[in-house]
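Chains: A, B, C, D, E and F, in written order; residue numbering restarts at 1 for each.
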């Protein structure tokens, strides 16, 4: 596939669908495992294509999920990809920092500690591993 | 306290802060246990008062947390209170249904099943236990 | 849809695919919420259709997941549906009891307590809410 | 077995070992399922018999675990049994209330809400289902 | 102990009991901490010795548990040991890949991402740290 | 702030309050993120200041929480800080080892494996990253 399309082969922008519109993300998923990456991209793309909640809010929610799951670092951990997705939807690093402060109350300050440190590491690197400045 | 105020005794609306601006919610928390409810209201109110993420988005995030935690029904389960808070911030039941469909991909369809059923029960009742129509 | 089919409209038996081959289960999912039930049935059906792990093993795994998640009772909890699916794949109640004893070591005896009690309740009823004898 | 003994058939008091010394608790576990209850009593009894952390502290820890797991109500949920064990080790209901306030910071206020409400229900009943006054 | 035995000192093969029959695994557990490793080997060995569910299925279930717990990498993480146990029971790497694709639906694609990446790392190394080819 | 104080600016010792009395810990929290560290120190300090459960017991409980959450290693993981806090309250490494053996029954032996290995790593280093001998 050489340009972003949804499942009906309609071209789709990253602002409309953060998964179907982001070939680079889809390639990253498939690089983990082709069949899994394909299944993941289809299911996630369908979920991100639901009409009522905007892409930016959805990106914040996926970060909140990673905090609750303590699924933040180590091989394949999705946290950095979700940070990347949030930044591409216009969120700022300071909003993500606020999100993690907020999550302290709902996931425990102990899980928030891990998340904030990992976020600060990404911020200190100046860009995500997808190349987004942050 | 006879009108909503924040910790500096400044009157605050529910649109500014879904916790400090909602005396009914604060009373519900204190009815569980006065000291705990006070601690919870102060910590949560501070978290909801952070400036960058709007109240409506925060309400959606707390619902997402409940889905991940499978903390949805039974005595004291916060799910219905978070639905109430989302509705008071202008979210619709259909947005919450979409949120749970979205969460299927991130918390597993099995946790989403419990959440969707509980949400539909609230919807079928026509109003939350706080009295919001839904 | 009036007979079990997969996504390519090929008729499929319950022994081949515990989701695509079980219209009753699909209807139960859609009765929670039509759009969610459709998304769930498609994603789960695709997962159950993977060729290398048999349907019976997959059913045991979903029960193990519910134990780890303490997602066992209350509205919409998937545990009883997964018990139903395991029975339809030829598992016996005694195998499911053994599974929960096994899970004690891996999810903690405290989560296993909830699961075993719930399983015994289903057993005492003599049949699942789907009507399978047990 | 007609009097409390450990695995070497040495008589043991409830103050020495909250599991091996509590026949009523062991019977409650076996009433869920005999083989599971036996496995659980042996593994738990061994863990409670470790010498360095006292029985009362261990009881508080099991309650903390239930809060983190949101494994608090519904069939077989261990929370009430752990409350019972803590009371038998000399803890008071007010200590358990404090424990749950403490856990708010570490499990999230949302999980603590469920735990506090369930604890207050037990307190309002005036005794646990094991008959301990509270 | 110089040959695999169960708790009654009966020699036992790895095909009968993946814990009691695998001295190397027992030594690995004891190398973490002797007393803990002994407790773990006894409890796990008893659980793996239950008669109705075969060793291979049990190995797949422990991997599913690790995915749900996001307990996949870092010091002492059990995921690689469970992969090793599954391979010794005759499972193939492709079955384990399928297992993780299946788990995407039940643990969330985000937890599956971490698990698949870690599994691929083990596969890329050509053998587990226990020396099994994969 | 140049000496340990609580929120009313009363000097407080580490034996009275493991958070308000430990400036080094507060600085470590703020070094992750100043605003988050401040929020965390206030909420945690209030929780540790509750009168009925002693500081040492609270420290053991936070370690139990980390085991249940599998939140043990990686950037910002709170486990080592909680080990440090327990040691400063007079707990010994052998008590912490016993705690993790105990937790095997309640969090699963698989999560205990990760915790015990990480604890042994800290022990092997001879001191925590806060400099406490262990």
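Quick note on the criterion: a residue touches a chain if its C-beta (ideal position, glycine included) is under 8 Å from a C-beta of that chain, and two chains touch if they have at least 3 such contacts.
Because the structure is a prediction, the values reported are computed rather than measured.
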{"item": "Given chain A and chain B, the chains that contact each of them", "value": "C, D, E, F"}
{"item": "Longest centre-to-centre distance from chain F, chain (CA-based)", "value": "C"}
{"item": "Size of the rotation, in steps of 5 degrees, that lays the CA trace of chain A over chain E", "value": "120"}
{"item": "Distance between chain centroids, defined by C-alpha means - chain A, chain F (Å)", "value": "31"}
{"item": "Averaged-CA centre spacing for the pair chain F and chain C, given as whole angstrom", "value": "40"}
{"item": "Euclidean distance of C-alpha centroids - chain D vs chain F, Å", "value": "24"}
{"item": "Overlap residues in chain A, where contacts from two or more other chains coincide", "value": "39, 43-44, 47, 62, 65, 69-70, 74, 101, 104-110"}
{"item": "Chain E residues within the chain A interface of the complex", "value": "70, 72-74, 97, 100-101, 104, 108-118, 120-121"}
{"item": "Residues of chain A that touch chain E when the two form their complex", "value": "29, 32-33, 35-36, 39-40, 43-44, 62, 65-66, 69-71, 74-78, 81-82"}
{"item": "Chain D residues within the chain A interface of the complex", "value": "105-110"}
{"item": "Contact set on chain B toward chain A in their complex", "value": "43-44, 47-48, 50-53, 57-58, 60-62, 64-65, 68-69, 92, 94-95, 98-99, 101-107"}
{"item": "Chain B partner contacts - residues on chain F that touch it in the complex", "value": "39, 43, 46-47"}
